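Before I ask anything, let me first share the structure, which is written out below as structure tokens.
The letters A, B, C and D name the chains in turn, as written, and every chain counts its residues from 1.
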């Protein structure tokens, strides 16, 4: 593995570097640099995925020490899928953000440096194989996200950022305590060292640690009933920030829950715990969709939709725990596919919502009249993203829900199917609520201005990607299988 | 009981007391002062645990700088509360 | 209802403490023991103080990310103070005794910071403690009214804030051709760590001081 | 029982005290104090349990140094937000009303 440059370390160094340079350049600068660098990161992520498909998963010893003394990075198929998703969402969003902040400059001063650090944290988190190092990446991610929510100022966003900060700090506090207990039990924080040590006869401290770590991460993922902080934070931030947070940031803690549940904590997993997580997911789907339907502000509707869609992610746990192997595999594939499909679609939806808000000058679903006539591409993107969220063919959302469905039937847990269908119907209801309004003529006294074309096209690119994922998702599932025990 | 154990128990009691009081005492300024005391006691605890690096950092950052930030925030809060409502 | 909820929370937190305590008293022998490994590799780490060796060499990657966290927090504080009411941030005249004291102490503190930085290679101390002392000097000067609050940092100041992270990144990347990120050749490890620590001391000092000067010191 | 284990037990109590404070105290400054106490508890457990056999372990010590710097970064950001909230609302507490009914300010 002597490719030069090696993509793995550069995926972390590059965003740190351009984030810092953007800060050096001064307030509001660095957009063009960011777009070029994220494109390069995308190439690196593809290169890494290619390496993994050829040679299998890889371990990277930072500083050459190797675990447990040093810190190891580990890239397998799951990590590579998340890396690809991150760069694929970030690139169109960066293009979108440049246009958005040109039209609506509130909060643009520090957007690029904070985004650089956010992406570095995401990339570092996905490849970390060390529990304490993951803690540091979680803090980097959390503080970057909170900073981004607050950049525009104003009563509602600052309140939301404060709430979000306490939630994320409480989550990482619980996580850190868990890490302390694990180090205190075994004397290491390396995942590779710990995995063979942790058996079903683990001491009580380790069981407590697993509970604390997973609860902290669920709080950061905003799984019902821990969702209270998410809608105001995602609904109150500037649109490019909302998109980054909904599409990527909550996926990071979900990814950790998934990885730890399937690997390190697998010997401790019980059917009861898995059913509980699934039940919370089901509650999130129904409650989040219902609240989305009752919102009057467009971005709040999209934010509550995130609460609901997060629920689908967690349906994979009852479907993958202590069930026949085939069902477990398709459950994991479905869950990861849902993470990718929702990432693309929700980024598209927030971007489209941002364009509509710029065009109408207000965040009000009741005043969207005329958007259909003046911004057809944006509305089309919103609709396409909605198709993915509803889970209609041929979208990526359909593939995800289909895989979850198969897993539910194969493992004889039909009740999750009912939840998925109900969620799909509610999703259709809130998406059509927006579309119906947007097709009405402009209300008297309102006006709808045009928005820069980059705004429209970047949202469309994301929405289209979410659909194409359904048609060409097979290579992604092939990549996902790299490094997973068959 | 050895003197070292007695010292440890006393220090731990003081740590728990200052932490609990900092969170329950009515006046915010007193709460911050108690928190700074808590930070200094933590520095002592680190020294007892054979961690002089942490003791130094805790005294300078945990008690000192955090304390300065908190005290300033309290001052800001009080100045604000003296102003008439907007 | 409210009192009931409070009682429940207190009960649950006490339960957690008891469960944690019980679990701590029933731990098995360590399966892995790192202190011996740290000692065994100390000779090739470039420093002789174990904590510094872990912080800047064995687990230097954590520290790299942590420096980013610190800079990030300052960015957040800047983003917020930019929206603060536009009260002119100016130094208030302090008591002359305090001013004299600050004038005397600040240079001394800079010296102490330099000493802590140097001594970190083989004894307790290092960039974080040195940076904290440097920051304390800044806070003291601010309290004495000798240093203006930072409304927005100029180019030079931004450079100083970013320097530590940039030096660290450069050293990290320089290790790539030799094998991996943050790989130090044994012969140069000591010098590289000192270089990183010097950059960090300046940036950590500025950043920690900035956390105070940008928000706390801004309005009086 | 070693002294280190004693401090780890104290850490458990501090974590619980901090957790209760973070959940129950409405005042933002106290929530920030509570978060710091909670963090200190976790740090004590990390070092205390790591040294429960009486051998000084520099690895968790270095981790705690990292943690202390992260904690002050978070504290400074939290204080900046709290001050901003004070300027905007005249209060240093989070509004009680449900977040989804808060009016938009534009």
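FYI, a residue touches a chain if its C-beta (ideal position, glycine included) is under 8 Å from a C-beta of that chain, and two chains touch if they have at least 3 such contacts.
Source: prediction; values computed, not measured.
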B-C or B-D - the one linked by more C-beta pairs in contact:
B-D
So how far apart, in whole Å, are chain B and chain D when each is placed at the average of its C-alpha atoms?
12
How many angstrom lie between the centres of chain B and chain C, each centre taken as the mean Cα position?
19
Separation of the C-alpha centres, chain A versus chain D, in whole Å, is 26
So what's the Cα centroid distance for chain A and chain B, whole Å?
38
Multi-chain touching residues of chain A, meaning two or more other chains, are 132, 136, 139, 143, 146-147, 150, 153-154, 158, 177, 181, 184-185, 187
Overlap residues in chain D, where contacts from two or more other chains coincide:
8, 13, 15, 17-20, 43, 45, 48-49, 52, 56, 61, 63, 65-66, 68-70, 72-74, 76-77, 79, 81-84, 87
On chain B, where are the residues touching two or more other chains?
51, 53, 57, 61, 65, 69, 73, 76
Chain pairs satisfying touch are A-C, A-D, B-C, B-D, C-D
Please name which positions on chain B make contact with chain D in the complex.
4-5, 8-9, 12, 15-16, 19-20, 22-23, 28, 31-32, 35, 38, 42, 45-46, 48-51, 53-54, 57-58, 61-62, 65-66, 69-70, 73-74, 76-77, 80, 85-86
Can you name the residues of chain A that touch chain C in the complex?
4-6, 9, 12-13, 16-17, 19-20, 23-24, 26-27, 60-65, 68-71, 107, 109-110, 113-114, 117, 120-121, 124, 132-133, 136-137, 139-140, 143-144, 146-147, 150-151, 153-154, 158, 177, 181, 184-188, 193, 197, 203-205, 208
Residues of chain D touching chain C in the complex:
1, 5, 8-9, 12-13, 15-17, 19-20, 23-24, 45, 49, 52-53, 55-59, 61-63, 65-66, 68-70, 72-74, 76-77, 79-81, 83-84, 87
In the complex, chain A residues that touch chain D
132, 136, 139, 143, 146-147, 150, 153-156, 158-163, 165-166, 169-170, 173, 176-177, 179-181, 183-185, 187, 228, 231-232, 291, 295, 297, 300, 304, 362-363
What does chain C use to touch chain B in their complex?
51-52, 116, 124-126, 128-129, 132-133, 135-136, 139, 208, 211-212, 215-217, 219
